[in-house]
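Letters A, B, C, D, E, F, G and H mark the chains as written, and numbering starts fresh at 1 in each.
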Amino acid sequence: MNQESLNQLLTDVRNGNVTIEEALGQLKHFTSKDLGYATIDTHRELRTGYPEVIFGQGKTPEQVAGIVQFMLTRDNNILATRVTEAMYEKVLEVCPDAVYNPMARTIAVRKMDIQPPQTYIAVITAGTSDLPVAEEAAVTAEIFGNRVERVVDVGVAGIHRLYNKLDVVRQARVSVVVAGMEGALPSIVGGLVDKPVIAVPTSVGYGANFGGLSALLGMLTSCASGTCVVPAQCQRTVHEPVRC
Amino acid sequence: MNQESLNQLLTDVRNGNVTIEEALGQLKHFTSKDLGYATIDTHRELRTGYPEVIFGQGKTPEQVAGIVQFMLTRDNNILATRVTEAMYEKVLEVCPDAVYNPMARTIAVRKMDIQPPQTYIAVITAGTSDLPVAEEAAVTAEIFGNRVERVVDVGVAGIHRLYNKLDVVRQARVSVVVAGMEGALPSIVGGLVDKPVIAVPTSVGYGANFGGLSALLGMLTSCASGTCVVPAQCQRTVHEPVRC
Amino acid sequence: MNQESLNQLLTDVRNGNVTIEEALGQLKHFTSKDLGYATIDTHRELRTGYPEVIFGQGKTPEQVAGIVQFMLTRDNNILATRVTEAMYEKVLEVCPDAVYNPMARTIAVRKMDIQPPQTYIAVITAGTSDLPVAEEAAVTAEIFGNRVERVVDVGVAGIHRLYNKLDVVRQARVSVVVAGMEGALPSIVGGLVDKPVIAVPTSVGYGANFGGLSALLGMLTSCASGTCVVPAQCQRTVHEPVRC
Amino acid sequence: MNQESLNQLLTDVRNGNVTIEEALGQLKHFTSKDLGYATIDTHRELRTGYPEVIFGQGKTPEQVAGIVQFMLTRDNNILATRVTEAMYEKVLEVCPDAVYNPMARTIAVRKMDIQPPQTYIAVITAGTSDLPVAEEAAVTAEIFGNRVERVVDVGVAGIHRLYNKLDVVRQARVSVVVAGMEGALPSIVGGLVDKPVIAVPTSVGYGANFGGLSALLGMLTSCASGTCVVPAQCQRTVHEPVRC
Amino acid sequence: MNQESLNQLLTDVRNGNVTIEEALGQLKHFTSKDLGYATIDTHRELRTGYPEVIFGQGKTPEQVAGIVQFMLTRDNNILATRVTEAMYEKVLEVCPDAVYNPMARTIAVRKMDIQPPQTYIAVITAGTSDLPVAEEAAVTAEIFGNRVERVVDVGVAGIHRLYNKLDVVRQARVSVVVAGMEGALPSIVGGLVDKPVIAVPTSVGYGANFGGLSALLGMLTSCASGTCVVPAQCQRTVHEPVRC
Amino acid sequence: MNQESLNQLLTDVRNGNVTIEEALGQLKHFTSKDLGYATIDTHRELRTGYPEVIFGQGKTPEQVAGIVQFMLTRDNNILATRVTEAMYEKVLEVCPDAVYNPMARTIAVRKMDIQPPQTYIAVITAGTSDLPVAEEAAVTAEIFGNRVERVVDVGVAGIHRLYNKLDVVRQARVSVVVAGMEGALPSIVGGLVDKPVIAVPTSVGYGANFGGLSALLGMLTSCASGTCVVPAQCQRTVHEPVRC
Amino acid sequence: MNQESLNQLLTDVRNGNVTIEEALGQLKHFTSKDLGYATIDTHRELRTGYPEVIFGQGKTPEQVAGIVQFMLTRDNNILATRVTEAMYEKVLEVCPDAVYNPMARTIAVRKMDIQPPQTYIAVITAGTSDLPVAEEAAVTAEIFGNRVERVVDVGVAGIHRLYNKLDVVRQARVSVVVAGMEGALPSIVGGLVDKPVIAVPTSVGYGANFGGLSALLGMLTSCASGTCVVPAQCQRTVHEPVRC
Amino acid sequence: MNQESLNQLLTDVRNGNVTIEEALGQLKHFTSKDLGYATIDTHRELRTGYPEVIFGQGKTPEQVAGIVQFMLTRDNNILATRVTEAMYEKVLEVCPDAVYNPMARTIAVRKMDIQPPQTYIAVITAGTSDLPVAEEAAVTAEIFGNRVERVVDVGVAGIHRLYNKLDVVRQARVSVVVAGMEGALPSIVGGLVDKPVIAVPTSVGYGANFGGLSALLGMLTSCASGTCVVPAQCQRTVHEPVRC
């Protein structure tokens, strides 16, 4: 239910065309859908510009498939993250067009084509081992209509590799920098570009990494401006820079 | 051994009907039962209003079944939490009426019917992935005679979903709010109702959740009044609000 | 603005007695008051049964006094917690009746007498050093109309001291148990009473207390049922049990 | 030294107008200035769009004043954060126009007027106690040419206060949401707007806040999209959204 | 090599019966045995009163068996802790008399009978789930010649169960108290006996147990005197009280 | 009230010489003394062999003095730990014989002479900076009748210093080893003696000490047998080994 | 591309023999090789004296094999750490000479013989369970041309075992000391030798080891000079001392 | 007592020129000096190549002065770290030549001139605020005979500043890199030089620095080879690289 229909509804209430009880009922059902095990936020796109993303972890395959099935009745592209192969098999039963990306652990359904913009997002990894996390970010950005350029394995132990790709990085509208270990790469990138940098820590790393804590803290205390942090794999935020 | 029998015993001691040694012996055996691997607190119901709940984790299936077997000699409903399927199979051998709930990981035996009260407890989850924890809470509340209303997947990313269910929430005698991620939902509920809120953090969540620590800390520092915290899955406390 | 006036307002909208713009304006101003540095939630009592408590920490004395001054225009008792003496001096300028409790670090203004209930809340401390935290809880409970019984210094190193006061504890409607060190006292109380126990950890303690973390964790993992936890000094929750 | 002068320099090297040694020397001195105790990054504006911000903490007043003195020889506005009054007094000796904001702990020198844009940044606080952190963010944004709208004390315990200001929040180009305690406000805002949200945790809070850790973790695990996190007081990032 | 043989050796050096080189050689070989993958401390019994205990974790089955095989050439009882069944099978090949206790995860070889003392050690558990840890402690104490009395499942949720066994506890020379959850039982015991209490935390527990951290911290901050802490499963210390 | 008087009381109850009400009253008052702000455990010595130690931290000087004043009516030596000079001044008003040890932060009152035993406790420090903690331990041990030998500054960076004092250490009945930094000294001592070792971590240390956490964890994971841990300054436990 | 070729290139630019575009291209391709999933730092040896080590963890077997295949085109010895058996099988397809060390979890390819130096590195373990970590260090040191002497199982519980090997330890050019539990061995070694000590913590240990945290912190706060710390298994640093 | 005198002593024992008792006595007194509150390790220089450094923190001014006074009887340069001005004043009374460096918090006494070597140590700071820590490292290195080159404020937000000083850095025998915030600078340096890098974290930093933890963890997980970590201010290790 968008802004206009809300205006209409209130006008109808004033004109007596709609009773207060009816109005309350409509407002209740326009904004969410109760599936029993999930209450889908059908109003989110109006509010935030993007439909809900399905967070697979902790759900049963049946629940994921059920949510996809409901979303198919609407016009948006569908994305599920943190999914397993078992979830994908259930989803296929209700949606044969669903695409599974095992590295990114995503299921995507394209229901409409979004005109790719001229600008792009750079998804940069410090090492090869950071690729799965980066790929989830890239898939998310692409399903919501962004163009993505990937820059791989340019971490600080051989920082000239980043300099070799500096053109690609500097022309990006936004950089998503994925790094484990000490998480230093976003600071470097943040000191070299005049665009926002989204730092994504991963749990990759020798030694005292403590499940990604080192990278997370390193990024949080980054001394470069224009950098903010999104915890590892929380790339739902990644589709946001599109609006900038 | 209840208050009256204790009075009788002391009177008997004064009258010389019971020797001091005998009295000590009776007091010892009335209050607990030694099974070798467990010392069942047979006195707990008198003291706290509810019989002991069997905590399955870390026990062998034989131990769980043995404790159930002993409890069957008494009149109360029986509940075991954190159980495995292997425990359930052993329990079935001594109690064919036992009911296993795999999502809640509970075994329940109904030995008496408790008249359901007019009021109810609202068990509210922030997301679908929080359901298993919520279900353990709901099963626990029900086995001890409460009525439960479930409100599912109304987390803060689409907070209007909670408003759609506000009637159910506000009429509840107590709300149990189960949430992972940042654990913000109990604060919202606590700011909307005039009844106690029991916040239950879960380990669901993208990114820097650290096994539920984020949700736990978020709930502990909640700025809403009337809210207290019970660690994830520790819903034994849930049957308590009944008395309020 | 309460439930009835909301009904009236909607009726007026339907009848055309009130324009939509007027209605929106009224709804905006009935529920909060903007002081520039604070937005007072004037609607909270209707929603949760209690007016807002002023959280002093981090505010300037001028801000605390300004909020008190506004609240004096209303009928409720006023409570500020975590206050300093400097705050009290500023408050005195606008409210000579304000009462300062330096141990509890509270400022209270009694604007109405609440009929004390027959039941009471037991505020129990493990040690003498836990008294300041306990006193904040007791003052909070009393300002909102509760009767409080204090049980002091009955920690687990000499647990018979608790047994000596067991009558007082068991007849309480709710027990607030304040303890530092290992935080074990709430577990003991929770195992002895059939009423809710609110555990409040403090930072008192020898050795590896880590600023109260030991007591907090100890209470969170308590094996007694009917116990929930409110972080040290967060006694705003304490006035809640009144409703039970 | 900008892109063009670099091109010129390399051409001069090829033409033999500049020796390699000279070229190396020029590149060295164009990009930074060595003050002995500091190496000022005079090249940062070319690279990232903004001049260096002086981070006061841990520096002596003499060092802060010396850095300001050097920066006065250039055309940009100057900002120092985390300063003390003693630093301000030393800075006044070299720059009588410097403005000290004790709440924000900043020193600012306006050397040029930046045309304020039509859009604005919303700086939102959960409570009055979060104002100092918010003010540092607002001052930073303003010194770099942004317009700022402040929304104060609209935390989740009375979330209708946020709804009352929803127009201001939704029309902002970017929202900076400052909150302590459980850090839930950014999630709520992120679920209501279609613009980026920058979450800034503070150490305000009762109980188990652990120096802001609760708010930080709560924000990091936020389940709302479009939200990213900048640690408390690290508002240097705040001037970045301007570019979006 | 004991005290007397050392005296003899030095006398021999003075008399010239033994060269300095020979003496150095003897001292080197009398005190340890190099197996390539292990350097067995053959001197430990002289120094500390007890032979080395084999710590199985992280060793290969071949290494454990090899160490047992060497130890069989000496006269002491042999104990290996933290062993797996695979280790036991390898040990059986070199020592058919070895006894495996799967609950305690120990392998024991009795080579001599130690006259059991009149006094005993009480090994007390808070719950049934703490039994494996307690059993490792009991097995260790017994293999080194102690008598052990077990007191099972007497945790603080029903503290009268401990009182029922108070005679057994108070007559013990030392109490080893094994508890998970909030770790409160050792404090209670320490407040009731006039003998040392060794607190052993376990990772048993609902909710915010954090792998036993709650119990560990609870015990470390115990307010009862006479209590000290040995981390879970570190019961090698348990044989020590024998000497008291 | 000791064992005999308890027997007498029960006999009197049986004989009718004492009513049940009287018996309950006597039992209540014999075991503790309520001072309003403190409930002194007058029964502790009977139970644990030692009277209560006053824990000064968090108490007011008046409270400390009041507790001392009450204790003066009894025959035991009195000890208060974690005291300030202000507390001492108040105590002097009620007890001119009180002795203040500023390094150990203790107040001691000797009311009876305990015959010093032939054996002694070794209090060993790793460094000079560990002396205050060690001194609290030594004072505590002495006030309860032990003889103490001090071994100072023999930490692992020059471990031969410990060997030089090995005679003193090995002849001690118990060793209390106080160390900061990495907390390695207790492990070394534990590997050299056949008596119990009580490890006491302190917060002394360069670098990543984290308030003593390094030393605490180091000691908790000590690979030497016969070693247990008491958190820094928790030396109340120290008087316990006397009984061994 | 080494120092000389860089000089040549710049001279060619000045002479006009090489255009600026060509020069930029050469610099780009001489220093790294893009494999799509990895950007190999072909310039690292020139910069740091050693070629890149392949960090296996988080890579697919195909990626590891692909990187090895590229490296075979160059002259250096190849080392991959943190590898699995599946990785080894893929590597064998492209390099039949590869040698797999399952204990050290390494794959090594010797392409050139390095003349072993006269000096050696001592790799010392506190216990047998520390061998896998130590072996990774030793293999790394050897593949880069060092001689290694192993000293096994000489931990602090029987410190004379270290003294027995003191000659080997003191003559080493550098000591790598691998220890779990409390991590005390490097402090001891650091106090006995006049050469650098590299402390490597492992996660071996009873009780409160917290995944190696105890050993790590213990080593970081070591009070011995000349000691620095490399997190467990991060032995890539180990080849560095060769240069000392 | 050096190697030769030990040989002589043993020969004297064999010849009967020295009794065993005498020999034991000599060994005891040659290696340490007992001052009552300190046991000075007079043997350390023989063992590790450097005399003991006085760690001021936690000592009284009298103790520091007493230790200096004793050390003056020997020939080495004297260094005390972590000192206060009060300590310096006491030291001046026994040693008027002592030099106090308030930024580095050191007291130094030069008793001999050490021929400065041709090589040098580079002490590099990421920011101006890291200077005090760096200065302690530099003073320590210099008092033990090293030449130091300082490189200031070249952190990763403007990494070209480091490149401008790359010659100085690359020619250093060892680099000590001092950084707070995310601690990324040592990784960068480690990727650019072929000499050891000693990373020293500081607690400087905006936001989620947690007292230097971010920098410490960042350095510990550094992905650059040849880098090891010494906790902040633990620069006693810094004199060690001299030997490399």
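As a convention for this text, contacts are C-beta pairs under 8 Å (C-beta built on N, C-alpha and C of every residue); 3 or more make two chains touch, one makes a residue touch a chain.
Since the model is a prediction, treat every value here as computed from it, not as a measurement.
Under the touch definition stated at the top, chain D and chain E share these contacting partners: B, C, G, H.
Seen from the C-alpha centroid of chain F, the farthest chain centroid is that of A. The interface formed by C-D recurs in D-H: of the pairs listed in A-D, D-H or D-G, only this one shares over half of its residue-numbered contact pairs with it. Relative orientation of chain D and chain H, expressed as the C-alpha superposition rotation angle, is 90° to the nearest 5.
Different-residue interface: chain C and chain F share under half of the residue numbers found at their contact. Mean C-alpha positions place chain B and chain F at a centre distance of 40 Å. One inter-chain figure worth recording: chain B and chain G are separated by 53 Å, centre to centre, where each centre is the mean of the chain's CA atoms. In whole angstrom, the spacing between the mean C-alpha positions of chain G and chain H is 26. Counting only residues that touch two or more partner chains, chain H has 44, 47, 55, 127, 157-158, 190-191, 206-210, 216, 220-221, 223-225, 230-231, 234, 236.
Contact between chains, using the touch rule, shows up for A-B, A-C, A-D, A-G, A-H, B-C, B-D, B-E, B-F, C-D, C-E, C-F, D-G, D-H, E-F, E-G, E-H, F-G, F-H, G-H.
Across the complex, chain F meets chain E through its residues 44, 47-50, 53, 55, 190-196, 198, 216, 220-221, 223, 225-231, 234, 236-237, 239-241, 243-244.
Chain F meets chain B in the complex at residues 10, 13-14, 16, 20.
Partner chain E is touched in their complex by these residues of chain B: 28, 31-32, 34, 36-41, 43-44, 47, 52, 55, 57-59, 63, 82, 211, 216, 230-234, 236. Residues of chain D touching chain C in their complex: 127-132, 152-154, 157-158, 160-161, 164, 180, 204, 206-210. Within the complex formed with chain G, the chain F residues making contact are 126-127, 155-159, 180-184, 187-188, 190-192, 205-210, 213-215, 217-225.
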